[in-house]
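Each of the next two complexes has subunit A plus one other chain: subunit B in the first, subunit C in the second.
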Partner chain A sequence: MSAPTVNPLLPAEAPPRAARPQRRFTAQRATPYLMLAPAVVILVALLGWPALQVLGISFRRLDLGELIRGEIVWVGFDNYREVLSDPEFWIIGLRTVLFTGACVVATIGLGLGIAVLMRHLDAPVRVALQIALVLAWATPIIATTTVFQWIFDQQYGILNKTLVALGFDGFAGYSWFTSGVSTLSVIGLLILWQAVPFIAFTLYAGLLGASKDLYEAASIDGATPLQAFRAVSWPALRPLLTMVTFLSVLWDFKVFTQIWALKQGGPDGESTTLPVLLYLKGISGSHFGVASAVAVLMLLILVGVTWRYMRLLVRSQETEL
Partner chain B sequence: MKTRSQRMALSATGIFVALLFFFPTYWMLTTALKKPGDILSTEYDLIPFSATLDNFTTAITKPGFTTFLTNSLIVTLGAVACALVAGLLAAVPLARMRFSGRRGFVLLVLVAQLAPLEALFVPMYLIMRDANLLDTLPSLLLVYMAFTLPFTIWTLRGFVKGIPIELEEAAMVDGCGRWGVFRRVTLPLLGPGLVATSVFGFVTAWNEFLYALVFMRDQSKQTLPVWLSSFRTAFGTDWGGIMAASVIYALPALVFFMLVQRKLVAGTTAGAVKG
Partner chain C sequence: MMLALSGCAGSGGTGQAAPPAGPRTLTVWLMNGSAPDKLTDQLHKEFQESHKDVTVKYEVQQWNGIQDKLTTALAGNDAPDIIEIGNTQAPKFAKAGALVDLTAEASDFNKDQWLTSLKDSGSWDGKQYAVPFYAANRLVLYRKDMFEQAGITAPPTSRQDWLDAITKLRAKFGSDPDFQALYLPGQNWYTLLSFIYDEGGDIAKRDGTKFTASLDTPQAKAGLEFYKQLQEASGTKAPKDTDEQTPEQAGIYGQGKVAMMIALPWELATAAKGNPDLTAKSSAFPIPSKKAGTTAPVFQGGSNLAIPAKSQDQDLAKEYLKLMTSAKYQSQFAGAGMIPGTSTDVAALEKDPVTAAMAKASSNGRAVPATPGWATIEAGQNPLKDMLTAYLTGAKSIDAATADANSALNKAFAG
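Let's turn to the complex of A and B:
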């Protein structure tokens, strides 16, 4: 698993050449900008502009009526006031944060456990495990979601059948989707199943990065396995753990597909999270202004949670530029 | 040193975890292969005894299936191709040339890659509506291209940097121009990088659900994931049919993914920082 490497001793650009005629010089200076132009146009038009728009629209009243008439009605912070004074928003916001937290802790914990397990497994078992993980990772989200719906099916699902076969007769015809907590647990499992492989592989790569010599030295010095883990594995894992935690927070917070495809935020809105609320307000309800306010609040929460790591990441890339 | 029983316990745990992760894929495949009559049974049927392709026939002959498949293929492949061209054009100067504004642009790409683009569907919807692009494939193609572009630029930049600059200099000494160097040296060496990057783009776009749901209000313009998610309208409780359709939908992603899985892990962790 070799990362694309960069030799720090080499200059980043071609060595300076002898002076050239002026005309040629300007043409050469324009080259990088011309080559960047398509990417810049795409990023500005399709990401930058919508990002500005979402902020702008969040200060406007924009329902179906205004949209059809093409009116622009500024309402200041009214949308934010409406969203923030709705107790439902706070319940959903809290639920989203808790759900994200639970998913992140579980994925990182399991991923770390499997990574350590992989390091200690004999080759055939390890390869089998890796194949199973890659399959889980690569299966498209909606395909996995439909399989989970089938596994958790009330009447013919294999899970209930297995539980009954094991002697838990109460699970015959048991419905897993009657409460929000139970529905979100199934969704959490679904997310876990798809997210753990990436984390496990990343951390496993980190563990392999710690050199065998260090482990040998530790064992010669009489270190217990736990001490060896703390002194050798942990320093190699720490930066990776920070990164995958950060990425997991980012990914799990904005989960929409699984929740929507499974029960559309039901039963009775009990598995609705902020991204689902955003969809309900924006597309189902056509309250584009209010929905944009929800989107901005979501972005603020995310930035708030990940701010420290973002700064760290940006700074580390700057030194490398 | 590990004792025999410790190794056995480790192996047993490993096999158990592998089975756990393997099970949904197994269950998808075996259900798809079961006789339609055997699926809704109360028998405990963990291991199937008979196999048939009937469910696949059912799935493929559902009204609209080929349209949805074609829609998905067009937006995905189109987006990947466009992102690859724009991304490669941007990656070369970012990795090899010195010009003012370079740092700023790299940071822009980094931020764009991390930004939760799912939060932007309201303005995107309005923009596409104004441009009369709702219910058309180009709307999704454009959005998927923008989604995959930051990652494409970021990874390709790494791959370009990884090519020893001496090779390019040698070609220049031998009389190649900038374009000649690119075509004869850089591009061939970038092959694996281009494959890995485009597979990632393919998987992202092939998976995408939210924007397809928002943009394609007209049922005949749906993509495969949106159609599959509403299977109850198409299949009822025909779990064999829906599993067969899921297998067909999952297959390209699985095949491509298997090809480049190792590179993806390396690529995504290349930017890790100490924290």
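Let's turn to the complex of A and C:
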């Protein structure tokens, strides 16, 4: 698919006979765009088109019947009205935003801590830590989720057994999933486990970018470790922190697998987040129009939450160029 | 192996444009673990012999993700000609117009001997869209040796007997901290249904195509109360917030410290994998009723067969159905330990004490409400499970738990 879009490059260079200087100038200017074209075409085809479809479907009534009969029924804003007038949606939306926020803060905080730690550790310990991080990161999501299910199992879980062995008898047969908050805490821990390695490595790479000389200079000037961190590490980390925060928000907002696999959004729907709602409306309920409306609303919330970050990201890239 | 063979056969089995002429292909989708290979081999051979130009393209489907796969297949132009659908999924596809109305041909498919629960779940708005295939229902698996040691002479035949047996078992084995007289997790809602039916209640009342949840009735509440009573009496250590699959109850029974579990017949084989002695030591009895001497009505899970509306060989598909629903092939299901959907002959089940217990209760089988909303519940969040956990853990009173579940069900029924 990408081949024909690359090929036009050649004829574009070929005809510069008449009006040479100007033609060459436009051809040169066009080159980067032409080189980008294959990627852009693929992105538009694979992401843009489905996104437009979702937007279109969100204004249609598309249940199983319409899908099978191939009918197109436009209903205007009915799907949005249905979703927005349901108080559940607002509770779930707020829960999702809070959950995302908590996950992002914890991930970035822990990731930053580990990155700074790695900078100060001796090589053998650091390598051991790095291998452990890579392993945690490389394990498939479902595998880790299953392991967490076993750890937190009420009867046979190693966590409860360990706590009892340590003398906390109250944890014999203790259920970690009795409320939405406790369930989401376990899920948050699971997400943290899987997300921290990437953040830690990225920030560690940033720290490596700050030359050792600078730290030496700082210590000669009598800077405390904290002052050295603020004066030397922080400037190197800031653009990266902006980026990983932005990415974490995107990742944590759309978490579905772990939540669904652990408790299907339970108990009693109390750990249901927007991606789970989307699944319930679309895949379980076959109300594809309503589900699309939820998807569009999720996108709007995400844009709202990340608007400042997106601007920061664009600006920080400009200054670095 | 079947999958590998059929996977490489190019275009889907929609046959030629003009049905009667030339070679045709009949695509049949059955589920993993349903019809034994011996049955399908024999049936396909017979079918192809009597239909010279027809090739049966048999594809075994996995249960996991089947609803999405069916949705895609039934909406596309390359639909299979015969599908097996879980009995709770049929109304959803029937209502959407995805299935062929088989009401007129019902007598070709051995209608007189249809299993009531499957017949109900295959119908929508007074018409029959799916034909019964096979079913199974739960029974109580128990350890004969433990019963004997506890001085229980005969399997319980009433709720009171059942509770008495639990008391005796706990008195005998209670000193072992790992012993459980009955393993019963909090969300075994199929078992709850038995108790609710036994009290004369149901999940919902039907009025034409409209269903209204009835979990707030005194009968349903009585069923729920008995579940709690049984759970408390049983000394089970099972979690109150999971169903029988997490952790898999057969594995726990397999550890040899459980005297009873409410299970499907083949769960004994799973349990015996790591502990082969269990097969000889175990037997089964039907879920006891509160009325002594009778068995409680049971929820019957199972499958129906249907013809997609977009099948291009519906005439062939109907002939295939006729063969599959004939006594000759249906009797093989009983031999394989399942209740045949279109034959009342369950003699083959009575040879084994475990399947005999299933057969004994099978005539009193019931289905979940035949409404498209039920498929949504099964594929999403099940209010009955939430109700059980909330009530058993004391998070909600019985009135609050049943009222919440009732309104959640009504919401799902409304679409």
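Note that the second predicted complex is superposed on the first by the 262 of 321 C-alpha atoms of A that agree within 3 Å, B and C clash if a C-alpha of one lies under 4 Å from a C-alpha of the other, contacts with A are read in each partner's own complex, and residues count from 1 in each chain.
Following the convention adopted for this analysis, contacts are C-beta pairs under 8 Å (C-beta built on N, C-alpha and C of every residue); 3 or more make two chains touch, one makes a residue touch a chain.
Being a predicted model, the structure only gives us computed values, none of them experimental.
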Is A:283 contacted by the first partner subunit B, the second partner subunit C, both or neither?
both
Task: First (subunit B), second (subunit C), both or neither touched by A:123 - done: neither
Worksheet entry | Which superposed partner A:156 touches (first subunit B, second subunit C, both, neither) | both
> Between subunit B (first) and subunit C (second), which, if any, makes contact with A:239: first, second, both or neither?
Replying inline: first
Inquiry  = Is A:268 touching anything from subunit B or subunit C once the two structures are fitted on A? First, second, both or neither.
reply    = second
Larger residue footprint on subunit A, choosing between subunit B and subunit C, goes to B
**Asked** Between subunit B (first) and subunit C (second), which, if any, makes contact with A:166: first, second, both or neither?
**Response** neither
>> Just to be sure I read the superposition right, which of the two partners does A:145 touch: subunit B = first, subunit C = second, or both, or neither?
In response: first
After the superposition on A, what does A:64 contact: first (subunit B), second (subunit C), both or neither?
second
Where subunit B and subunit C land on the same part of subunit A: residues 67, 153, 155-156, 279, 283
Residue set of subunit B touching subunit A in the complex reads 2, 7, 10-11, 13-15, 17-22, 24-25, 27-28, 31, 39-42, 44, 46, 85-87, 89-90, 92-99, 101-103, 105-112, 114-127, 129, 142-143, 145-146, 149-150, 153, 158-159, 161-162, 164-165, 168-169, 172, 178, 193, 203, 206-207, 209-210, 213-214, 224-225, 228-229, 231, 239, 242-243, 246-247, 249-250, 253-254, 257-258, 261-262, 265-275
Residue set of subunit A touching subunit B in the complex reads 1-7, 10-15, 29, 31-33, 35-36, 38-40, 42-43, 46-47, 49-51, 53-54, 57, 67, 114, 117-118, 120-122, 125-126, 128-129, 131-148, 150-151, 153, 155-156, 158, 161-162, 165, 193, 196-198, 201-202, 205-206, 238-240, 242-243, 250, 253-254, 256-257, 260-261, 275, 278-279, 282-283, 288, 291-292, 295, 298-299, 302, 309-310, 312-314, 316-318, 321
Note: in the complex, subunit C contacts subunit A through residues 67-68, 71, 74-75, 92-93, 95-98, 237-242, 246-247, 309-310, 372, 376, 379-381, 385-386, 389-390, 393, 395, 404, 415
Per the touch rule above, subunit A residues touching subunit C in the complex are 63-65, 67-70, 149, 153-156, 173, 175, 177-178, 263-269, 272, 279-280, 283-287
